[in-house]
Amino acid sequence: MKYKIRVIHGPNLNMLGNREPDKYGTSTLDEINATIESHATKTGITAHTFQSNHEGEIVDKIQQAHDSYDGLIINPAAYTHTSIAIRDAILLLEMPIVEIHLSNIYKREVFRHKSMLCDIVTGQIAGFGAYGYVMAVDAIINSLQLIKNSR
Amino acid sequence: MKYKIRVIHGPNLNMLGNREPDKYGTSTLDEINATIESHATKTGITAHTFQSNHEGEIVDKIQQAHDSYDGLIINPAAYTHTSIAIRDAILLLEMPIVEIHLSNIYKREVFRHKSMLCDIVTGQIAGFGAYGYVMAVDAIINSLQLIKNSR
Amino acid sequence: MKYKIRVIHGPNLNMLGNREPDKYGTSTLDEINATIESHATKTGITAHTFQSNHEGEIVDKIQQAHDSYDGLIINPAAYTHTSIAIRDAILLLEMPIVEIHLSNIYKREVFRHKSMLCDIVTGQIAGFGAYGYVMAVDAIINSLQLIKNSR
Amino acid sequence: MKYKIRVIHGPNLNMLGNREPDKYGTSTLDEINATIESHATKTGITAHTFQSNHEGEIVDKIQQAHDSYDGLIINPAAYTHTSIAIRDAILLLEMPIVEIHLSNIYKREVFRHKSMLCDIVTGQIAGFGAYGYVMAVDAIINSLQLIKNSR
Amino acid sequence: MKYKIRVIHGPNLNMLGNREPDKYGTSTLDEINATIESHATKTGITAHTFQSNHEGEIVDKIQQAHDSYDGLIINPAAYTHTSIAIRDAILLLEMPIVEIHLSNIYKREVFRHKSMLCDIVTGQIAGFGAYGYVMAVDAIINSLQLIKNSR
Amino acid sequence: MKYKIRVIHGPNLNMLGNREPDKYGTSTLDEINATIESHATKTGITAHTFQSNHEGEIVDKIQQAHDSYDGLIINPAAYTHTSIAIRDAILLLEMPIVEIHLSNIYKREVFRHKSMLCDIVTGQIAGFGAYGYVMAVDAIINSLQLIKNSR
Amino acid sequence: MKYKIRVIHGPNLNMLGNREPDKYGTSTLDEINATIESHATKTGITAHTFQSNHEGEIVDKIQQAHDSYDGLIINPAAYTHTSIAIRDAILLLEMPIVEIHLSNIYKREVFRHKSMLCDIVTGQIAGFGAYGYVMAVDAIINSLQLIKNSR
Amino acid sequence: MKYKIRVIHGPNLNMLGNREPDKYGTSTLDEINATIESHATKTGITAHTFQSNHEGEIVDKIQQAHDSYDGLIINPAAYTHTSIAIRDAILLLEMPIVEIHLSNIYKREVFRHKSMLCDIVTGQIAGFGAYGYVMAVDAIINSLQLIKNSR
Amino acid sequence: MKYKIRVIHGPNLNMLGNREPDKYGTSTLDEINATIESHATKTGITAHTFQSNHEGEIVDKIQQAHDSYDGLIINPAAYTHTSIAIRDAILLLEMPIVEIHLSNIYKREVFRHKSMLCDIVTGQIAGFGAYGYVMAVDAIINSLQLIKNSR
Amino acid sequence: MKYKIRVIHGPNLNMLGNREPDKYGTSTLDEINATIESHATKTGITAHTFQSNHEGEIVDKIQQAHDSYDGLIINPAAYTHTSIAIRDAILLLEMPIVEIHLSNIYKREVFRHKSMLCDIVTGQIAGFGAYGYVMAVDAIINSLQLIKNSR
Amino acid sequence: MKYKIRVIHGPNLNMLGNREPDKYGTSTLDEINATIESHATKTGITAHTFQSNHEGEIVDKIQQAHDSYDGLIINPAAYTHTSIAIRDAILLLEMPIVEIHLSNIYKREVFRHKSMLCDIVTGQIAGFGAYGYVMAVDAIINSLQLIKNSR
Amino acid sequence: MKYKIRVIHGPNLNMLGNREPDKYGTSTLDEINATIESHATKTGITAHTFQSNHEGEIVDKIQQAHDSYDGLIINPAAYTHTSIAIRDAILLLEMPIVEIHLSNIYKREVFRHKSMLCDIVTGQIAGFGAYGYVMAVDAIINSLQLIKNSR
């Protein structure tokens, strides 16, 4: 059976590629999603993407991932630094979870250095732009295989 | 005329009873709501419950409580620690308000020790699991009687 | 066999009802103790009350509770915020323990917001005046029943 | 061509004029919006107002302002102090932006002294009640003229 | 009878227009004073301006405003962040007071983010350059009218 | 009727005059008490002194002062910096209260710079050695006269 | 030979008696100076008073005290909390120095709780209003006598 | 003449051996005292032990040690972290003093990491359980011999 | 021409696989190096590995990378959190640099949450165990290609 | 044309040589000024010295340096640590500026460790007593030559 | 089989006995090592000593202790307060470990009060000079016997 | 007899002149050493230079300076901010010591603002580039002459 991965993009990521290309690159979110999906397909799994500016909707989606997905890739954007609600939703999941950031968040304002998720996810990837999502897909697959092997 | 109480449950409380039973007990939210309603009925009042993962919806509901309810029991869950919007909505209410937490929040992460509501509610109840809601109903009734007597 | 509960009142609570009625209500400590005892009797248990201005005497009493009581209700008043000795004595008890405050301590000076006990007791009740002791008795009974049922 | 200004009101501002008149004045939000619109018309521009209790909806509206408006007046209310998502949405705009508060936020709780927007807007106005919006409209127009002149 | 407004400029503002035009604009203090006075005249009031590099002289001038003026506009410049003496002098005034800054102080060094006056003035205006003084005159007049109307 | 003043000395002050004369002078506590009593007598009032190393005993004595004395002079020594219980006892008194320290506490360890009483007493005297008690007696009398005159 | 004492009053104390009588009493500075001088005369010494709003002038006056006075009473008002220059001037004096405050500074804003002088003066007196200056004169005389006796 | 050592045990140490053996070992306080006394005898000195839950009693006992003992071993338990009164009593002693803790206090709660005594005793021993008292006796003897030799 | 990558392992990583397998996995450093080298070969580049417990040797090696390598993968282990010397050496390099940690450092002691490198490297990878090095090799190659394409 | 250097001495430096020779040496300010001027003459430049206890006068003098001097040596003494007004005046200068302290400020009180100028001057010299001014003159000349050479 | 103990001395301890005898005593490191070795021999075990100024060398030596020694006595000197690398090396050992300091580190600079090892060693000894090493040897032996007995 | 000075350069200073010329100038370390040596020769003394990236080697060299040199000039570079080991080695020297930095460290990252040496050296020089070493040589000579004269 094929693994299914949920990919969640947080607030303002729908604006990617339009503005501030130095910080976030020139790819639009649609292009990034296409890359994720094609890389997933190539490695034999399925990836479903979702974006919202609403903290509550992201919480809803994470809750629903519980029964339908094998792994989660999440770029919580602005909510990374403030959302305990997203943290609590993720605490209820039992699967590999990758926290990803397009830019190196340590090169930005101090309040972006703290993540509310960092200590409860499997691992973090930051600073590699859109390519980081490809790495994240690989990391999820590797984690799922390790779990499978350890059984 | 019978007192009416609004009960509001914050984000992720819809998942109660499914996971992490050590922390939150084995009752589902539906079971807890049933307990609240039956205890309310037994003491001669009415209790209406509501849950949402969306901060904005909780603010909306608190605003609406102003004209329709005599007391508020709120478990803001993750929003306890961050939501000034919920605080501001509560500041506009003039009725007994009980802040309730299922678990003892001081046994958990440091960021859960601070409540944005604690200094503007009538009182707090924490650590008694689902039974805390029964205590909260009693506390609201007691407060309403004190107000009535002091007039 | 009937449950026995120890109720401990900390420093200056012997002055209740005489001064500062806005903050602490108009009941004297004798009246509150009478309420506690009659509520206990009504629910089929026994409650013994004790007050002291001396930290050491409170420690002594907590130590003695170990073999003679099934639950502890403690309002450590000023010692809430500073006494590690009381904390250590409580750490040695294995029974339901309720920390109670008459007023909402978060509406007062900042140094009253921190409790040295909060993370080691079963739960907290604050802000409901003398009625809080009635709630505390109910909470202890409920906790004892949960423990009994879980055996 | 006439300038168009987007005016955004944050959570609980829909309750203005009903309660706490000392802090926020007696005008309702509808009255304030009418004042803004009529002052805008008098100075030859157009102003569109919007209110929401939902952080995500405010982010959506700011994103949409990009192509349709020449300036932004925002009173983020409670979200002033916590929302990085609103900050990120505003970072993507290139137009004069005025942050406005009805009351002097420095006379209130400490957590209201910090703004997540203050360092990325054109300027701040605080403490002048509903009249502050009239000042904000004037300030936007002045800023737009300075930009035009400097080209 | 015509309203009279005192306008006080703090240290180094006598150098305006000569250096660092990006931060403070190209207007000299004389030009700004002329704008203030002409706008005041146009709105039917009188404005008297004063500048000093000496904290003590500014305190003297504020004390003297008590009997001679109806409102105060003050840009305390560097003394904004350190002068309790100026704060104390202002605490003795009973009139509308506007604190004004040419630049957005939140875009500058951290020690400029704190104002010793912010919580005792009527309101603040910051970031709108020389035009801010025009806004300040309007705000003072509006405040004086509100006071008059409320009597 | 003659005024009666209670004078309370905190822990280790019974050792005065024996050791560390640089810090505390060479007078024993008995000599200081004699000075206080004779100065009191000379000014036509009565002063009763008390010393204890026990926080609880000091709280007891302050509570008892309520009905028997017109003023309180207290040197809480080590308990100055930690005792909320003593603070609470003093909060219940309604009379002139002078906090006194023999040495200048700001020349000593940092933890001695903070007093738990300083904001609830009439005034403080520190650094004048045993003579400070004479000043304190005068200050109490002056305060009692001001209260009498203002009636 | 008669002792001579310099008395220095800091910024805004020239406004005493005119405004905020709750905080500072109803005596004007002239009345207080008259009281100081007459008490000094009565005890056989001379007191010269001085007031300024200018930090530099206060530093000048302290420097000049070195050769002309035997003791210093200083109420640095707002400069208490910020002036290292006044501290440095006082560090150069070798005589009894009393720091005095009319009100209890610990009942006011937090930034008034810290004194830049407190650890380098002989002692402090605070909270006794104008009468504190009489106490300060007595304290200086007592200190001078102790020094004389110890020689 | 034989050296005499005072050994003081702070609050809750009378409960040793009964509960929490992982943290404090299985020896009771009586057994530990027997070990101390027999080791003392073996090395030719005398050791007197004392335990109290009352801060004031411990202060009393330390004061009395001044004339009767040559060294002090103190395990202040909970009072380690808060008692300035015990610190002040110890400051008056002139003899070797060993601060001892059964467990490694750095493996416990943060508030147990700070000692109010650590900078005024001869040395500290922590983490070696009951055996630490044997080490402490040896350390006192060694210190007394060094002092004797250095004369 | 083939790309060459330098891989540097910090202190105690030579002990990998021997102890604490829960935290660091069961692979030895030799096995990890073999994996890195074989993955590098497979993707057509060369990787050279190095380990040291000495901060100075790591600084030396980073300096030497300047002329001989096209990219750097560094796991500074304990030096991550303290070494400004390593930071300064890296500041002098102009090439893609990946900071990698085997475990999720946010699940460990607080002092491990801060990295002295994080804001000057291209990106971070943490929490994916030995597989993280494979991801790091891919990330370096991707970065080198982006640089090549952008020329 | 000869270079001209302005030398500014802050508050209390006019007292040099009279008191506290351990900290500041035995040279008077006149002697130091003579040394500066003769060293300047010897190296072919001119140095003008100025001292004031008044922050405002120092600001005035710095402003005037703009058109008349090529370099500034400033020992702001007490104002080093608090004066933003002096910082702002210096920010407007475009010339080599040396901040100098006679003593090593890091051996003194903590509040003397922070300088409000340190990040905007060319360099600092501290701890070398009066000789530091000679070094400062040399440093200014060296800086002026570097600027000249780089043109 | 005889127990073997590794004793490690950190940076600058090779200078012992030459300078600052008040702080560290007059024994040289060679004399201390001789005392350790002879006390070890007397108690039937072997002790090997080592000193280095190089953090990396100390890490190397700790790693090597794993297979060759039964206990570790370490005085990390300056590295006590900063070295996470030494901490990590010690974390890999499974044997009794004593952290020892010659002087009472709490009487010295604040940055010496924190130890990077204190929470991971068996226990600490501080303030007893060279004799502390004798105590440490005894403590190691006692710990080894407890472990042996508990098997 | 000629004075001998030891000059120590810390980590990464061997890279000077190659990269980041804005921050550190274009001189290589060899050129700087040549300047130091020739200036030393010209003033009749001898200077020996040394550079290392290894903290332990720098400690070794400082220890060796004790018997062979009359003064020390040290630029500890990255170790300035973290090395207590270097501080301890310097504490054992008794000679003039100059701490020098090429750039103004207060214009750089916050962690570079703190020096572990600043309070134990004779003085500091910062911000004057390579010329600072010439100033340092002069400062050492001046200090040695002052010491000679004071004998």
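When the chains are written out, they are named A, B, C, D, E, F, G, H, I, J, K and L in that same order, and each has its own residue count from 1.
Going forward, a contact is a pair of C-beta atoms (placed from the backbone, for glycine too) under 8 Å apart; a residue touches a chain by one contact, two chains touch by 3 or more.
These numbers were taken from a predicted model, which means no experiment stands behind them.
**Student:** What shortest step count links chain G and chain L in the network of chain contacts?
**Tutor:** Each step joins two touching chains, and the minimum needed here is 2.
**Student:** Check every other chain and keep only those touching both chain H and chain J; list them.
**Tutor:** Shared contacts of chain H and chain J: no chain.
**Student:** If I rank C-H and H-K by number of C-beta contact pairs, which comes first?
**Tutor:** H-K
**Student:** Give, as an integer number of Å, the spacing between the C-alpha centres of chain G and chain E.
**Tutor:** 33
**Student:** Can you check how far apart chain C and chain D are, centre to centre, with Cα atoms defining each centre and the answer in Å?
**Tutor:** It comes to 49 Å between the two C-alpha centres.
**Student:** Taking each chain's centre as the mean of its CA atoms, how far is chain E from chain H in angstrom?
**Tutor:** 64
**Student:** Check each residue of chain B and list the ones that touch at least two other chains.
**Tutor:** In chain B, the residues touching two or more other chains are 54-57, 82.
**Student:** Would you mind giving me the full set of chain pairs in touch?
**Tutor:** Pairwise, the chains that meet the contact rule are A-B, A-D, A-I, B-C, B-D, C-F, C-H, D-E, E-G, E-J, F-G, F-H, G-J, H-K, I-K, I-L, J-L, K-L.
**Student:** Mind listing the chain F positions that touch chain G in their complex?
**Tutor:** Contacts found on chain F: 104, 106-107, 115, 118-119, 121-129, 131-132, 135, 138-139, 142-143, 146.
**Student:** Would you mind writing out the residues of chain D in touch with chain A in their complex?
**Tutor:** These residues of chain D touch chain A: 54-57, 59-60, 63, 82-85, 87-89, 91-92, 116.
**Student:** Which residues of chain D touch chain B in the complex?
**Tutor:** Spelled out, the residues of chain D in touch with chain B are 10-12, 14-15, 18-20, 52-57, 77-79, 81-82, 111-112.
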